[in-house]
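Have a look at this one.
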Amino acid sequence: MTPSYLLLLLLLLSTIAYYLGKKRAFAVVKHKGGPKTLHSRPGYYGLLAAIWCGVPAVLIYSAWLVFESTIISDMILANLPTGIKALPADRLTLVMNDIKNLVNGNIISGEINPVIQSASEYYERLQSISHACLAVIVLIIAIAGFLVVWKIIRPSLRARNHVERLLKIVLIACSTLAIFTTIGIIMSVLYEAIRFFKVVPITDFLFGLEWSPQMAIRADQVGSSGAFGAIPVFLGTMLISAIAMSVAVPVGLMSAIYLSEYANKKFRAVAKPLLEILAGIPTVVYGFFAALVVAPAIRNAGASFGLDVSSESALAAGLVMGVMIIPFVSSLSDDVINAVPQSLRDGAYGLGSTKSETIKQVVFPAALPGIVGGVLLAVSRAIGETMIVVMAAGLSANLTLNPLKTVTTVTVQIVTLLVGDQEFDSPKTLAAFALGLMLFVTTLILNIIALVVVRKYREQYE
Amino acid sequence: MNNKDTSKRTMDIVQKGLAKRYKREKRFKLYGLSAIIFSLMCLSFLFISIFSNGYTAFQQTFIELEVFIDPALIDKGNFAGSNYQGIIKASLRNAFPDVTERRAKKRLYHLVSSGAAYQLQAVVRDNFEKIGQSVTLWVPADDDVDMLMKGHIDRNVPEADRRLKDDQVAWIESLSEQGRIEKQFNTTFFTAGDSREPELAGIWGAACGSFYTLLVTLALSFPIGVAAAVYLEEFAPTNRWTDLIEVNINNLAAVPSIVFGLLGLAVFLNFAGLPRSAPLVGGFVLTLMTLPTIIIAGRASLKSVPPSIREAALGVGASKTQMVTHHVLPLAMPGMLTGTIIGMAQALGETAPLLMIGMVAFIVDIPGGFTDPSTVLPVQIFLWADSPERAFLERTSAAIMVLLLFLISMNAVAVILRKKFERRW
Amino acid sequence: MKKSLLAVLALVFIMGTGNLWADSSRDYISIVGSSTVYPFATVVAEKFGKSTQYKTPKIESTGSGGGHKLFGAGVGVQYPDITNSSRRIKKSEFEKATKNGIEIVEVKIGYDGIVVANSKEADVFKLTRKDLYLALAAQVPNPDGTETLVDNPYTTWKEVNASLPAIKIEVLGPPPTSGTRDAFVELAMEGGAKEFGFIKAMKKTDKNKYKSVCHTVREDGAYIEAGENDNLIVQKLDANPDALGIFGFSFLDQNTDKIQGSFVDGVQPTFEAIADGSYPVSRPLFFYVKKAHVDKIPGMKGYLKEFTSEKAWGDEGYLTDKGLIPMPTAERKQFQDAVVNLKPMTASDF
């Protein structure tokens, strides 16, 4: 039977195991005093049975499938006529592709070569044998697991403890995945960045004022000079993020306060989802909006005031990014403000303060750590935003704080350097990793500050 | 007597300041309201500009043609490859018999989309007996004709600057006088995959790709994210390591999405050998991206559950796990759902990480499963915006509208769920 | 110990779910490469997919340079089958590919002009190649007449050539990964630089210096690298009437109502002018095929046949409607035969 049906069968077996286990727990104590003599609630016995039935079987199943296709491929290759076997490894993958195409029933490239035909028939045979074995073994393990647990069900079996320990293991596994992602990213970014710093000294990168990385991609091409001073790029990111936050924080915070304190239920029920829609609009749409509507509008407005505004001003990108971030600040602050206990507010009202005074002097300070956390998350989002700035901000690194000029940001440079030419030993591509590393470090420092602030000032109520 | 004096003075002081305080109160409230109105105005401005660009895409111009299926042009041995284009061209010549000059004939053929030939092919394939007879077909018009009928091409601009020449405009006008050209509902947009011809392009391929990708992302990131949040918040010992982990996860939220794409390229494509451009790999990459958001939101909401609830559960005899699963988790669900909504919404609109794993490609066929090459809706929008044909502008806006509809319905479902569970302490 | 065991199991599980689908095989053609050829290749691919039972080829736009990198990495199912290119393959790329065991078949598909365009709301520019060189190069001859090179001091077009308007020099163009950039610096800028005698003489004495003088583009903000997305450049030109953009003729052809092409050396960029060679900035377009893949990947022969058929790239073909300038009949026949015979390139072709 096919692997996917097997998985479904396993699920079914586990469910049956649950019910049988539970029944067994009831049965064991029927004449010895009833369910109250059981150590744990009967459901736990069922759960234990289900887990030991399903989990080992699934693990064996995945492990089998990991190796199945490689083993079968190797066996097929060993059986091919010597002429084909002598081909270099890459050509062999093409031959295997042909065989697999035939097996899967896809259209193949030429007429059906008898060698390929017999190889694919052999492949199918091997595959069905393998699947049959898999099914048998997995079912045996599942049933064996269930029977073992079934046998040991008695009142003194601490089923709940076992189940909870298994649950904790699952939780640890999931956190491990999250941690592995972090580690994986840090490792790969660090590794490539170190290779970059071997070519371009770190002081040049951190303190250099010239950024023109578009070096030649071939020996006989002439590109840019290859200066890798990152300060203009970071300044650009900071500038645009600052503009974005100066829009998002006041608007978001005030929206959150209004929604949680003043708005009636109907208004809140309508406004909150609408604000969340702002977060959901794809950033490409914001990017186009910024590039085609906001930027020319700012340019024309500037021209009418006599100012020289670039067609890709930082102001345009920053404003649109700010609008995009409003819901982040608003949503998270809203949740935090809601979490401040009503008793604090009631106390303030009882003393005669107006609503705004309560908010400004009681609620806001109480919610402040959470709000700071939310704002920092929003800053992280602003710094890491890619598509809006790719379309609305420029590509030339300008060392300026003037929002009316064009600047480039770290994310734009990473995109430009990595899309297209992906040779992993030119300083150009590695520069992207170095930028990523610096970005990482900056936000790391920001987050540490946030953590310290929140931990130090967090109030524990009740 | 002294008491009365002091209390009067305090009351006076309070009374005097009261008006100012009420005014401040009103102003504060106004700031809040205007903040919300500002955001909503931005939202509506965006929607209005998209809608005004996109609503015309839901109609497509069709031309009624009398097509004579010439048996001489049908190759009995190869129906699929027969010259249906030639049959269509002949029927156009019959409709306008006075067009003879070669370049003018070329312009005449351009009135009708190249998809007409495929439509005819399908008709012949299903009705062999029609060979040798005349059929009346409503065929899609070319995208320039479509733009003219919708008013996007200005007829008053000098001919050299226009995509449609004067004689083409004259033919279109004669067709409309005969009632043989009209706008009908554009079903192709919803049923077809990508295409180079705007009148044949649709979003169904990208929509299926998005659906599969998001399914994978949700199925993976929600359980893993919640589990990780629960572990980190409730069970993990508080020491430097967990601090470090918390800081790292917060950091991941700031990593530019394209770096996740690189990680996906290195691990999933190069190391594990998964197929390129598949929704499965896209889902994995987006999972990695959404995990930090869900974990952070999950932890925040777990933190906000008051200790009194936890103590009460423990006091009644629950074990720590039972306390978490039966008491804390359900109360923290609304916050976790918020995080998941924001995370999924982010994932739905992501383009950058999918660039690295090959989903930014021209893919015409509709994906049938998790491993068929496909693209996603935001990438489709990005690619269409790249195309020079004017008709793609309205289709891009229409696709954006569809995407937003997807999003809003997702949001609505989550909001309903959250409202069911929300409480205030 | 338990934790590490867990981690191992988790990893196995993940790989397991992945390999559940590893049995899938590639039954479609994988194409990468130039963003200029992309509009043409996608039309052919779609027609091919609709009229045969094969799957439609998957085409990615990575830039000519990026395409050659991916293409030349090796033979096998995980590498692309065809790369599009808006310039001829360079010798170094050919050598790298040969080292990896690839036999390349070159197919020219037609010609394309590179235009310098601006918004229709502004006046048409009448440029010469010399103007382009003086406006965009990093180093230009000293304006005082001595035969030395200085960093480019010009900020407005009027300073470069008194007959041009007094607008700030702002040009949006492709990055070095783009074949269009390579072609532009070779045809337009080098063509302009050669008009200075002392620079032309450098070609014989110091070839590297000659190349760097002719091909290096200024980095002080007047030339903005606008990425591979040519249509975005068109939209930016629409929004900013003072800017000029550099891209392929097909984009101009499809947007004649919004932008206009500048005259270069007195010739306006039109289909006829590029076809008969009077417009000086035009270059051929190619695609390159891996010979080893042609029999193994389903549909490749049919796709090649479709692309090289008269109804695609002929004088009345559908690619011409998209802005491709067709080759003369004899050249077309030559490459039709090349696709049937699959004669690979050799080092002597350079």
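A few remarks follow.
Labels for the chains are A, B and C, by order of writing; each one numbers its residues from 1.
In this text, a contact is a pair of C-beta atoms (placed from the backbone, for glycine too) under 8 Å apart; a residue touches a chain by one contact, two chains touch by 3 or more.
The model shown is predicted, which means the values in this text are computed figures rather than measured ones.
Ranked by the number of C-beta pairs in contact, the top chain pair here is A-B.
Across the assembly, the mean Cα position most removed from that of subunit C is the one of A.
Subunit A and subunit C have CA centres that are 35 Å apart.
Between subunit A and subunit B, the centres computed from C-alpha atoms are 19 Å apart. The centroid of the Cα atoms in subunit B and the matching centroid in subunit C are 30 Å apart. Residue positions of subunit A touching 2 or more other chains: 172, 177, 419. Multi-chain contact residues, meaning those touching two or more other chains, occur in subunit B at positions 385. Shown for subunit C are the residues that touch two or more other chains, namely 15, 19, 22, 24, 26, 53, 55, 78, 232.
Listing the residues of subunit A that touch subunit B in their complex gives 160-161, 164, 167-168, 170-172, 174-175, 177-179, 181-182, 184-186, 188-189, 250-255, 257-259, 261-262, 269, 271-285, 288-289, 293, 323, 326-328, 330-332, 335-336, 338-339, 341-342, 352, 354-357, 359-360, 370, 373, 376-377, 380-381, 383-387, 410-411, 414-415, 418-419, 436, 439-440, 443-444, 446-448, 450-451, 460-462. Residues 3-4, 58-59, 61-66, 68-69, 88-91, 93-98, 100-101, 103-104, 106-110, 169, 172-173, 176-177, 180, 212, 214-225, 291-292, 295-296, 299, 311-312, 390-391, 394-396, 398, 406, 416, 419-423 of subunit A touch subunit C in their complex. Within the complex formed with subunit A, the residues of subunit C that make contact are 2-3, 6-7, 9-10, 12-13, 15-17, 19-20, 22-27, 53-55, 62-63, 65-66, 69-70, 74-78, 90-93, 101, 170, 175-177, 182, 185, 211-212, 214-217, 219, 221, 224-228, 232, 235-236, 239-240, 243, 292-293, 295-301.
Residue ranges of subunit C in contact with subunit B, taken from their complex: 15, 18-19, 21-22, 24, 26, 28, 30, 38-39, 42-43, 45-47, 49-53, 55-56, 58-61, 78, 120, 229-232, 234, 250-251, 254-257, 316, 318, 321.
Against subunit C, the residues of subunit B that register as touching in their complex are 80-81, 106, 110, 114, 118, 153, 157, 160-163, 195-197, 268, 272-278, 280, 358, 360-365, 370-371, 373, 385-389.
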